[in-house]
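Pasting a structure below so you can have a look.
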Amino acid sequence: MVETDAECCQIISEDVKDAIILEGSPELGLIGNILGWLLVEELNMKQIGFVDSKDFPPLAVLFNGVTLHPFRIYSADNIVLFLSDFIIPPKVTYDMANGIVSWAEKNNAKEIITFNSVVVRKKTGQIAGAANTEEALKDMSDLGIPIMPFGNIGGLSGTLMTRSKIKGIPASCLFAEVLNQYPDPRAAAAMVDTLNRKLGTKINPEPLLKEAEEIEARLKELANTVQDGQESPAYI
Amino acid sequence: MVETDAECCQIISEDVKDAIILEGSPELGLIGNILGWLLVEELNMKQIGFVDSKDFPPLAVLFNGVTLHPFRIYSADNIVLFLSDFIIPPKVTYDMANGIVSWAEKNNAKEIITFNSVVVRKKTGQIAGAANTEEALKDMSDLGIPIMPFGNIGGLSGTLMTRSKIKGIPASCLFAEVLNQYPDPRAAAAMVDTLNRKLGTKINPEPLLKEAEEIEARLKELANTVQDGQESPAYI
Amino acid sequence: MVETDAECCQIISEDVKDAIILEGSPELGLIGNILGWLLVEELNMKQIGFVDSKDFPPLAVLFNGVTLHPFRIYSADNIVLFLSDFIIPPKVTYDMANGIVSWAEKNNAKEIITFNSVVVRKKTGQIAGAANTEEALKDMSDLGIPIMPFGNIGGLSGTLMTRSKIKGIPASCLFAEVLNQYPDPRAAAAMVDTLNRKLGTKINPEPLLKEAEEIEARLKELANTVQDGQESPAYI
Amino acid sequence: MVETDAECCQIISEDVKDAIILEGSPELGLIGNILGWLLVEELNMKQIGFVDSKDFPPLAVLFNGVTLHPFRIYSADNIVLFLSDFIIPPKVTYDMANGIVSWAEKNNAKEIITFNSVVVRKKTGQIAGAANTEEALKDMSDLGIPIMPFGNIGGLSGTLMTRSKIKGIPASCLFAEVLNQYPDPRAAAAMVDTLNRKLGTKINPEPLLKEAEEIEARLKELANTVQDGQESPAYI
Amino acid sequence: MVETDAECCQIISEDVKDAIILEGSPELGLIGNILGWLLVEELNMKQIGFVDSKDFPPLAVLFNGVTLHPFRIYSADNIVLFLSDFIIPPKVTYDMANGIVSWAEKNNAKEIITFNSVVVRKKTGQIAGAANTEEALKDMSDLGIPIMPFGNIGGLSGTLMTRSKIKGIPASCLFAEVLNQYPDPRAAAAMVDTLNRKLGTKINPEPLLKEAEEIEARLKELANTVQDGQESPAYI
């Protein structure tokens, strides 16, 4: 059991050594969050901890009638997933990124993979990647993943890429195409094949596509909630 | 007499051991607050303390011409009620939830029950429930209370569900149906039957229904006040 | 000479033992402030100190060409008046109420009287009262003052009622009827008779009624100033 | 060389004993700032220091192509001038006033003179004055300066009047008539005669009137800049 | 290797002695940022460090698919470049300017050159300069650079000019003409000739002009991002 303190954030979690760390926080299109929920189901991940901060919005998430902590840590085999159900407030992003990188260091993590999105006028179905070192970028090219040459990576994804680089931990970011800010489970499903190549897993995107409409409804609400400045959410 | 400090909040209260804790803060529809005032009357609860914070809005509440502290703690038999007359400011929610859970721990509380609401297009009269553990959820099912499978719980309710889970205290949340954000005593009255089953009490919703219009008027003002960003309230 | 520190506020004042404390800060209608200026004149009160805080708006008040501190403390016989010429910023209200109550405790004050207002559609000329204990309320009834049964008291008035109750100091609040937020010297004049009964004084409301238009003009500007978020005031 | 610390402000300056202190910060009409630039030129004042704070807006002022510190201290004979080229942010006003008063105390300053303005519908060309003691007010009357009986003094002027009164340093404020918030060099020029009487100087307002249009253009931009909430300024 | 701490900012960098320091942060027209990227390419500058702060916006910048730190320090020969890809938040400007000046002092820097812009109605193609001392201004005149006589310098440029003056380090600012706030690579290209004279370099503006449209597209997005209050950026 490890407790990591990065000023305003605290990671309370079991140790998992030599793992690949996935970060699934809901940026534009909520790609990371949607993928995260799929991975928990498909890889039978078990919750090993949570991230805590008094600066998080007041929020409990229901799953089959039972409340979940809004920022959970899951594990299966050599994969660890940091999964939050709310957009990380900018003022805690820096400390949270440092907290995750610090956890990764202590547990000798192999690499960090984050998920983000590109707003496009028309979807091509392409997934592109970027990395925080030339080597990590080459690994991606070797897997046939197209490279995102220029642009900016915002939110926890971006800060995590920068903080892990400083500590010498390889990190990469996968970008799905989205048309706007709303939850896009189909864009997340399009990322599964690339992720399978990266992780050597056999995750099935079918349930995601089937559940697309159901998930779409739930996450639309989440997005509305978080956009309203963390005000009292609407319920199903 | 116990004084509990959770950074920005302080609970000053008598001890009540092995109690069931009810939390009645005014979320959407002010359900918890309306139910709280009914319980004080119906169960002859006596005030045993109050919650204090310099971050509360400047506010005194009048009852028959005498000022009440805006966040009071009541007790009767084995029931303890935390009753606030203002929406808890988000910045103190985390500390306040920790304070209440800490009080519950020290007093060996049996469980925590919070009240919230679901915005619906058309009311069916149903009350649904959620819990912070599988066991607490089963207790609810056993009482014939329908389960709210998915969604988010915001405000003090949500944070309280999460913080109590971490400390191993069972907690459940009851959801009334409301059409909008305004005070809804009829929705609160609809919750009385479910609450009687939960608590083994015989609370009579009649006075609530009778007083509905009277209460409606008073709380409409409270809601207006709190929505205006804690500005100078209007008086009756 | 006493210096009282309540975090962000400091009371620098002579001691006056066993006094009745009046609080005159400008809530809706500026009733307390208007009454305060009248009392200083009518009772020949002398300034015995001031309240200081770096969170006050930058402001000096002119009286016959000489600057006054914006929050002054006056005394005459057994009456002490806390008189501010600006609306107390919400962030200092809690500390200031504690500071005044602490001063009252040290000086063994008999009671605290605050002034507030009720927005009505049509004036009846009635003054109503509320108190922080049953005894203080009975004293008011005995003087024939009608009771304000329900409602909320905001601002420094409200917090002062709550904080003094905790320390066991009786406090009451008198409510004048106002039509809107603007300075209303006539509403303040209507309160003089009730205040005379409370204090056993013979304050004459005539000068207030005569000066009504003159005061109206000066305070209208003050209200405009303070409402603009403490921006640069306009001058006469 | 003296360094004065008043929490968020630091005064770094040579000592000048027994001086009259003028404060020229740009309130409505920028009167103090315009007069200050004239005094520096007319009295051949030399810079003896500056006021520093991390809460000042990021700003350097150009004079003949060379950057000036945005808040400078000048001296000539027995006159010391505090001249800022930006509106003092409200959150530093209290500390800065205390810093200046503290500097005045250490240097045994004779008196403080501040400049402000009155918004009028129609100009009469009158300059009025107010003071922080009866004696200082009498000195003004003796010079034939009309008294401003009632009103409020905002900004650094107002706080300076109050803080210096507490420390027993006489201070007075001169008010020019302005029609609106924009820079008004003509209103500043109208104040020169009164200031000459006060200081015993022979400052010539002619250059000010001649340069009026030129200065008007430069300061209009400054006013625009500062009003925009200290955002990136426009350049000439 | 030096670590410089200026409260909220930290400079982690190799030492370069006796260098000329260029500061390229994106003020109006993003002139400094555009010039900075050109200099890195044209002068084959290598990254020697970065500036870090928890108050920076969450952001990683992609260059050929690899993430760059958003505020980097480069060096070539005796030139050191501080290059940020985001507008410096006002609240860190003071500390960052002090940090850079402190780095300059420790490394015995010869001078500091900053880049800024003037909003004009019609471009004349002129580059003007200002300096923080008469000597630095003369050096500029001797190179035939026209002087910007009056005006204000905002942002990191302005604070850097003031802070370096206090520490006795000569600094100058070059102003390009821009029509509005949007990225203007052509205005940056117009500055290359003046910069070559200042530095004795032979930087070729051709690539900048060629790449103008390409860069224009990328930076337009950056500007949009930063203007939106550091919200989630859009991607190419």
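Note that the chains take the letters A, B, C, D and E in the order they are written out, and that residue 1 is the start of every chain.
We take it that a contact is a pair of C-beta atoms (placed from the backbone, for glycine too) under 8 Å apart; a residue touches a chain by one contact, two chains touch by 3 or more.
Since the model is a prediction, treat every value here as computed from it, not as a measurement.
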{"item": "Common touching chains of chain D and chain B", "value": "C"}
{"item": "Whole-Å separation of chain centres (CA-atom averages), chain A against chain E", "value": "34"}
{"item": "Chain centre separation in whole Å, for chain E relative to chain B (CA means)", "value": "56"}
{"item": "Multi-partner residues of chain C (each touching 2 or more other chains)", "value": "none"}
{"item": "Going round from chain B, first to chain C: chain order", "value": "B, C, D, E, A"}
{"item": "Partner chain A, residues of chain E touching it in the complex", "value": "54, 56-67, 69-70, 85, 218, 221-222, 225, 230-236"}
{"item": "Chain A contact footprint on chain B (complex, rising order)", "value": "27-28, 90, 93-95, 97, 116-119, 129-134, 137, 147-159, 161-162, 165-166, 171, 173, 175, 181"}
